[in-house]
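Two complexes, one shared chain (subunit A), two partners (subunit B, subunit C).
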Partner chain A sequence: MKNVFRFLYELLIGKPEPPMETPLYRSEIFPDVGGVSLLLITLVLVLVYYYVLNHVMRTARFSHWYHWLGMLLINAGIAFGYAIYYCRLHEVTPDSYVYWFAFANAFYSALFFFLFSLLLKWRSYNAARTPF
Partner chain B sequence: MTCRNLFVFCLGILVCTACGADSEQPVSADAGCSTAPAVSIASRVDTLNIIVETSGSMKGFMPTQSRQTAFQQQVDDILANAESNKEAVGLLRLYTAQDNIRPIGYDRFQSMLRQGLAQAGASTPIPNLLSQIAGRYASQGQVSIFISDFIYSPPNTRDRDYVSNDIRRALLPLQDKGMVVAVYGFQSEFRGTFYPAGSKASPKASPVANCCETDIPYYVWIIGPEPAVRMMAARLFRSPVAASMQSGYARRAPAYGVVPGSGRSGSWYLAGDAQTILIDNTQELRQGEVSFSVGLNLEALPSQYRTPDYLSRHLQVQSSNGTTEVEGVWNRQDFSEKEQVSTKDRQLLECYTHLVKLKVASLDDRNSPLNLRLTLPANRPQWAEAWTTDDDRNPNDSGPRTFALTEILEGVRRLYPQEREPVFALDLSIKKAN
Partner chain C sequence: MAKLFIFGIGGTGARVLRSFGMLMAAGVDIKADTVIPIIVDPDTQNADLNRTVEMLKSYKRLQGVAGHDSGFFKTDISKLADMDTRGEGRVKDAFTFDFGGINQSFKEFIHFNEMDPDTQALVQLLYTQDNLNSPLTIGFKGSPNVGSVVLNKLINSPELRFFADNFRKGDRIFIISSIFGGTGAAGFPLLIKNLRNPNSGLQNAGEISSAIIGAITVKPYFGLQTENESVIDSNAFITKTRDALAYYKNNLHGVNGLYYIADNPDTPYENRPGGASQRNDAHLVEVLAALSIIDFMDYQDADFGEETLFHEYGLRQDAPSITFEQLYEETLHRIGQQMVKFQLFAKYYKDMIREDAGKNYYKALNLDAAFANDSFHKELRHFLENKQWGYFAWLEELARNKRSFAPFNLSTQDLNLLVQGKPVSRSFFNKGITQDGFVVRLNKEERNLTSEANPNRKFLKMFNHVTEDFYTSKMPGI
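Presenting the complex of A and B:
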C-alpha cells in the first residue's frame, strides 16, 4: 500500500524535496495522508452524499450535478488542508513541495470521489443518476 | 439549514481525522546524540608534583634583573591554579631539577620563580631527568608536571643521533605503569645566556650571551594516569593550548553520523541509521553530483588530532566500488557559517565537534553498495614542524625553535603502540534504494 501511494504522488509531483525528507514522506506522510484523506474521508463524503443527504433525508435538494460537484470540491478542499496540516504536524522542512503535495492530494481526492461515486451511487434513492 | 448541517458534518470529519492523526506515532526528528564511549576524568589526585628544571639554560626564563617573562607568569599561573583546586589536589609538592630532582620549599620556589634563578645548575641531560620522573614520580594517584626548555645536549655528542630512542628508553617505566604523557608548548621572552644544543653537523656550540631578541620555547609535560592528566590539564590551563600533544590516551572510536540536511548535494537520503545513505538514482553517484557531510565528535581525542588543520591534511577516505574525496574539514562553528544548515539539523549538529564533507567522484558497479572508510592516521602534531630545528646556535635567526623537538616528541609517541595505529576508522556506505 505504501508503494501505491508513493507511486501516485511521485507520479504527479516527483521525488520529495528536500531529499532529506524522503523517508518521512515515503514511510509516513504519503501512506497516512493517502489512507485517511483519499480513502477514508472521500468514502465517508461519498456515502454522506448518496446515502445520507439523498437517501435517508430524501429532501431531493442535493441531487443535481452541481451539488455533487460541490461535495467533490469540499472533499478536495479537505484533502488539501489535511495534507498541509499533516506535514506541519510532522515538522517537515518547509518547502514548496508541501503545497505541491497538497495539490496532488486534492486532485487525487477528487478522482477518488468520482470513482467511489460511480461504484456506490446505484442504490441511492434520489441521486442514483448523479452526476450522470 | 441542511447546508449548514453539511458544513458542520464536514468540519466534524476533518476534526476527527485530525485527532486520529494526532494519536499516531510521531516521527522522531532526531532522538539526541548517538552515544560515544565515555571519557573518565579523575576528580582528585593524591599528589601533584611540579618539577621545574633549573639548569643554566633556564636562567634566561627567570632573570634576576629584568621585567617578568611570560614563563614566570605562566608557571606562577599553573602554581596558583594547582593551589586553588584544593578539592582536586591532595598534596602539592615542588621540586627543582638539575642533575637530580630535589624537593624545594614553597617560599623558595616562589622566590626563585619571581625574583629570578640565582644559582643555576650545569647543563642537564633530559633523558636522565625523564627517567627519574618516570621511575619515582609517576604512579597511580600521582601526577607530575615537568617544566623545561627541553634543550637536549648530551655530554657525548654522538648521543644526539639517538634522541628519539633515548627519550623512549627513559620513559619506558610509564608504559608498564599505564601512564600517559601530555606535552604543552609555550614561548617566552628570554633574558640571559642561551645554551644551544648545537647542530647535527657541528655539535660544538658556544653559549649566546645577552640573548635573545626572539622568544624561546619551553614545555610543560604532564605525566600520570590518563583520567588524572585530563583533569589536571583542564584545570591548570585557563584556555586550550594550541601547541599540545597527548600520547598514550586509550583509543576511543568517536561518535559519528551523516548529517541529513546540511552541507550536501544530490537526492540521497538516510536509511534508518546515520551511517547508511540511500539513493534512488545511482547515475548521480557516477556523475559526481553527490556530496554529504559527516559529523564527528572528537572531544575525547588527543588535542593534536583535533585541529581542523591536522584533520584536513591527514584525514583519508578509502572506498571500494568507486572513488570518494574529502572536500573539507571544519569545526562546527565554521561549518555552520560556510554551509547551509537545515533548521532540522541544528540540534543534531550540537552532537558533533567537527564536520567532514565528502564527495563521491565515481561509482563502478551501480548495483553494489559503495563502501567508505574514513581514517585518520596518527602522525606527529602539525605544530612540531614549526617548533623544531636542527641547528639552534643562532636563536635570533632561527626563531623560537627547539633543537630536535620532533625527535623528542617522536620518542614519546613511539613509547605507545597505539600511536602507530590510526586514530579512528569509521565506516559508511551508500546503497541503491529499492
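Presenting the complex of A and C:
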C-alpha cells in the first residue's frame, strides 16, 4: 500500500523536497494521509452522500449533479487541509512541496470520490443516477 | 367477465359517456372486460357528441399502452369495428352509428309528397309543420314523435346487425338516454323493443332478447333560454317527461335495471337545437348517470329477476356546489379514491413533472426525450389538457355549471389543498403531500418495478402506486 501511495503522489508532484524529508514522506506521510483522506474520508463522504442524504433521509432534494459536485469539492477541500495539517503535525520543512502535496491529495481525493461513486451509487434510492 | 355494450342515445347519451370515459381514465373499477360505446345520434355535427368521440379515441389509444393493470385507463374501450376480425369493413370505424348522412327533411324522409291525401292529412295531424320541414341533420330537436319514426332505421342498420353478430351469452347491454329531448326519448323504447324481440331477425336474437339490459333515463336537469325562434321550449320538459313516463309505465318491458336521475334546473343553457353550436358544459348529473353503469355492472346475474330493479340517486346533502362531502359513502367508495389519485397524477403531470429533470426516476425513464418524441406522452398531455374535451376542461365545466360539481381545487398549486374541504393535515415534521415526497416515492417505485419492460406502462404504474400511497397515508378522511 505504501508503494501505491508513493507511486500516485510522486507521479503527480515528483520526489519529496527537500531530499532529507523523503524518508518521512514515503514511510509515514504518503500512506497515512492517503489512507485517511483518500480512502477513509472519501469513502465516508460518498456513503453519506448516497446512503444518508439520498437514501435514509426521505428526501430527494440533494440528488442533483451539483449537490454531488459540492460533496466532491468539500471532500477535496478536506483532503487539501488534512494534508497540510498532517505535514505540520510531523514538523516537515515548510516548503512549497507541502502545498503541491496538498494539491495532489485534493486531486486524488476527487478522483477517488468519483470512482467510489461509480461503485457505490447503485443502491441509493434517490441518487442512483447521480452524477449520471 | 364479458363485454358491455353501451348505447348512448342523443346529446345526453354522448355527454354521459364523456363523464363515464373520464371515470374510466381515473381507473374506477367496472366489472367488464371490454366496453363498447355506441353513440346513436343523427346529429353528427353536434359538438357534445364530437367532444365525446375525440375523448374516447384518445382514451382508446392510451389504454392500448396502459393495459389492464396500470391503475389508470385500465378498462378496454373498443369500437364495434374492432371486433371485425375478418377485416371486412362492414361497419364504419367509429364510435358513432352511421346514419349515412340524413341530409333531408323529415317530410322527405317519410316521402310525404308521395302519400295519398288522407294519409297526408293524418300525418299533418300528428306532426307540426316545423316537424315536417325540420332537417334531420341536426337531430330531432326535442321531438320524440319524429325520432321514433327515423330511428326505426336502426334495426336494419349494419351497426346493429354487426353488434348482434358479436353478441355472446353473458354480455350485457346498457342504454343511456334522456326522457325530455328528442333522440333519446324516442330511441330508448324503440331499442328495447327491438332488442327484446327474439324474432327481430338479428343474429343471436335469442341471446340478445334474454340478455341483461340496464338503462338510465335522464330526466330534466337543465333548462334552456327562452327564444321565440327556437323550436325547443324547456318549459315543456316536465310535460314531456310526465307523458313519456306514463308511456314507459305501460309499454316499456324487459329492462332489468332502470335508473332515473334528475335535478332542478338552475342557470339555463343557451338554446341551441343541435349542430356544432350545441356544446353544453359537463354537469354533475352526467357524472352520476355514468355511475349507474358502474352500479349496474356490480350486480350479479342472479340479482336480476323478472321484475325491473329501479334506482334513483340521492345526495347526502343538498347544496349548490357539490364536493365529496355531499356524496354518500357508497359513491365515495366507488369513485373517491380513484378520482383523487388521478387528480394528483394529472396535476403533477401538468404542472410539476418538468421540474424533476435530473431526478433519479426522470433520468431512468429518459423523460425529457419521451416528452418530446413519445406518442404516448403526447396523447396523455392531449387527453388531460385539451381545451375542448380534455380532463381539466371537463373538471372546469363541472365546477362552473349550476349545480356545480367541484371536488377539487383547480387553482391551487398546493397538493395538500387539492381536495375541496379536505385539506391534508400537516405539522412541523409532516409536510403532507409535497413534490419532494412525490420524487422520493417515484424513485423507489422506479426501482421496484424492474419487471415492467414497457417504460410508459411503468410510468403509469409508478404514479398509480405513489398516488395510492399518498391517498392511504395522507388522506384518511376522504
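By definition in this document, the second predicted complex is superposed on the first by the 132 of 132 C-alpha atoms of A that agree within 3 Å, B and C clash if a C-alpha of one lies under 4 Å from a C-alpha of the other, contacts with A are read in each partner's own complex, and residues count from 1 in each chain.
Assume contacts are C-beta pairs under 8 Å (C-beta built on N, C-alpha and C of every residue); 3 or more make two chains touch, one makes a residue touch a chain.
Quick caveat, the model's predicted, so the values are computed rather than measured.
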item: Dominant contact partner of subunit A by residue count, subunit C or subunit B; value: B
item: Partner chain in contact with A:Arg61 - subunit B first, subunit C second, else both or neither; value: both
item: First, second, both or neither for A:Arg129, with subunit B first and subunit C second; value: second
item: Which of subunit B and subunit C A:Thr93 touches, first, second, both or neither; value: first
item: Residues of subunit A at both interfaces, subunit B in one complex, subunit C in the other; value: 59, 61
item: Contact footprint of subunit A on subunit C as seen in their complex; value: 358-360, 363-364, 436-437, 439-440, 443-444, 447
item: Interface residues, subunit B side, partner subunit A - complex; value: 2, 6, 9-10, 13-14, 17-18, 20-22, 24, 26-27, 29, 260-261, 264, 266-271, 278, 280, 342-344
item: In the complex, subunit A residues that touch subunit B; value: 15, 18-24, 28, 32, 36-37, 40-41, 44-45, 48, 53, 57, 59, 61-62, 74, 78, 81-82, 85-86, 89-91, 93
item: Touching residues on subunit A, where the partner in the complex is subunit C; value: 58-61, 63-65, 125-130
